[in-house]
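Next up: the structures, one after another.
Okay, so chain A shows up in both of these, paired with chain B first and chain C after.
Moving on, here comes the complex of A and B:
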């Protein structure tokens, strides 16, 4: 996994021009496929560069090597009925990133096994951003078609996404960090909006994570914070992300988050 | 994370006054019972370790005076007044300070301690003559390593009526609070620095309006994170100091989970351990005193500021249920016990 994270981080650092996930690992290596599942949407983060600011890897499509590889990973490690929320989110995030960043050539998309409890169905015709469900508990994990669940203003989404509004800030920050791979342009706008409504709480989570020397959590929370409006300037977020990356002692997943935060900023500070 | 913490930046819950009164009353009871350990030894100005003698007594005087001034309940105010009078008596009506200044003419602590009493008119002419002579020196104005401490010296000068030896705003600007340190970069020492920046600046919570808005907002933002973070480390005196600082902010945001956790850290006799668990049954009274005196004083102080803020802001009030208070026999019952334990002067 460190190799894949390193590869993504290098691509983000360098602009992503020659990035190819498939070049980072052997396709039949189950460990490599597992790494893709764990890193989730981030394995395709370099493709988002092209959408964000020009650049990014030369176009690959869903049918290309990277698309095939991701489909293998999705098929090899579908979240089971008793999967953790994070596993389900990560799965969905990776599936959505494939749709978002590797354009479909008009085929039926990937043919991986549908997971129990609501995997994304690329053929159902809905915009990818609206088919996400970030529920905290399995019983809240709606079918793939849950209507706009991460929008607090949407009554239909109130049950599944109560945590976005109500979770105490330490828990909110922990969850947000676990979902940091979804902090890519256009990938989960409703989630981003829900978190942006709790910027101060996320900022407190960043403080707590750094104090605990939980560099991975801090970097993940920081990724959401760089996109949020009204980040308190006394947080010192930019210096904090540099600090976290250097203090982590070269952890490639921390580096990936830190570089992604630099590549995909947004919002502003006050 | 198993804590039932509210969603942070939303409206603060009302203060649990029963819990606050239970914490303050219990702490004062324990402190009163510990009077023998606050007494100064005969060698206080020579061989004794000031950290075990003058420091505890000075803290007792400082915080008891605040409680006497600010607590809305008369029995608690009275108990605090007696502790304050006890501390003054231990200084032999101020003669101690003359001896301390003669021994260490440029040390700041005798002046800081004397200021606690001079503030309310308890003065000693001999000590004051010496202090006027030493604090007029250029030597007194040499910058100190610790700007937080300098804020304390400035407050003492104000209390005694001496000219300030430095510009308070300038000194504040160089502290951890004035600098608005990155909130994630605080270590333990820096955290104590920030709480004491607030205490010196606000005259220990008596003048919360002296906190500039910009710094109050900084504290409002980050206190919740610090309180949780140091509660996880079980450093209870610092948690108590953060709760006290919160009570100095506009609107005095009440941290219900922080208070519940702090109150639950109390051990036998309502003493609050400085860190970790309360002293075990084998601990000697002296060991209990050392382990708990500071944090228990902070508990009484913080509970007083939070309680006084309820009246100040017009907000708050008893929570519908107070399990901690009820289980501990808090509220009026606790005060009766406290009053009953007080001896007539």
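Moving on, here comes the complex of A and C:
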């Protein structure tokens, strides 16, 4: 996992020009596929960079080597019936990232196995951002194999999304950091909006994580914060992310989050 | 035969993936500054408070 995270971080640092996920791994290695599943949508972050800035790696389609590799990872490690919410969201995030960042030419894109506990996909034809918004909470997902209704436009408009509104700030921050890979632009707009509504709580969570020396959580929360509006200047987020990266002792996942935060800014400060 | 041999490894990997995806927070103690400040103030007030008045002893000779 460290190798993959390092590869992605290096690609983000250098603009992603020659990035190829398939070049980082042995294709049939189940451990490598597990690493992809754990890192989630972040393994395709350099492609998102390409979309956002017009640069990035040379275009690959979902049928290319990277797309096939991600598909294998999704098929090898689908969330089971007793899987955690985070696992399901991460699964769907990776599937959506494949559709979004490695678009297939003229076909429906990802067609791997669906998770046992839900996560069926809505009809094709919707923008990928809208398609993911329904899965903000697993309660929104219907039974296995059935299509899910799209989430209301409001990010925290249903009872199923209650954790975004009601979770205590330490828990919110922990979960937000677990879902940091979904902070890629356009991937989970409803989740981003829901978290943006709790910017102050995330800022408290960032400080808490730093004080607990939980660098991975701090970097993950920082990734959402760079996208959030009205982040207080007193937080010192930019310097804080540099500090977190240095203090992590070269943890590749922390470096990945820190570089992704730098590469995909948004929101603003006050 | 090969499937029988690899199945436990695959299951273990799947469990590990789930664990990494939804990992618990590492142990750590975090004290909220405001709560600590309140506790400190209370302790200070207790320390500087005058002693409880006690009845003066009268010498019963």
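What we mean here is this: the second predicted complex is superposed on the first by the 236 of 270 C-alpha atoms of A that agree within 3 Å, B and C clash if a C-alpha of one lies under 4 Å from a C-alpha of the other, contacts with A are read in each partner's own complex, and residues count from 1 in each chain.
Simple rule for what comes next: a contact is a pair of C-beta atoms (placed from the backbone, for glycine too) under 8 Å apart; a residue touches a chain by one contact, two chains touch by 3 or more.
All of these numbers come straight from a predicted model, not from anything done at the bench.
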Chain A as common anchor, with chain B and chain C clashing or fitting: clash
Partner chain(s) touched by A:211 [first = chain B, second = chain C, both, neither]: both
Which of chain B and chain C A:174 touches, first, second, both or neither: both
Partner chain(s) touched by A:201 [first = chain B, second = chain C, both, neither]: first
Which of chain B and chain C A:246 touches, first, second, both or neither: neither
Colliding stretch - chain B into chain C, listed as 240-248, 276-284, 312-320 or 330-338: 240-248
Residues of chain A at both interfaces, chain B in one complex, chain C in the other: 170, 174, 208, 211-212
Chain B partner contacts - residues on chain A that touch it in the complex: 165-172, 174, 198, 200-201, 203-212, 218, 232, 234-236, 239-240, 243
In the complex, chain B residues that touch chain A: 1, 3-9, 180, 182-186, 218, 221-222, 224-226, 228-229, 232
Chain C residues within the chain A interface of the complex: 9-10, 13-14, 16-18, 20-23, 25-26, 28-30
Residues of chain A touching chain C in the complex: 1, 30-31, 34, 37-38, 40, 77, 79-80, 83-87, 90, 170, 174, 178, 208, 211-214, 217
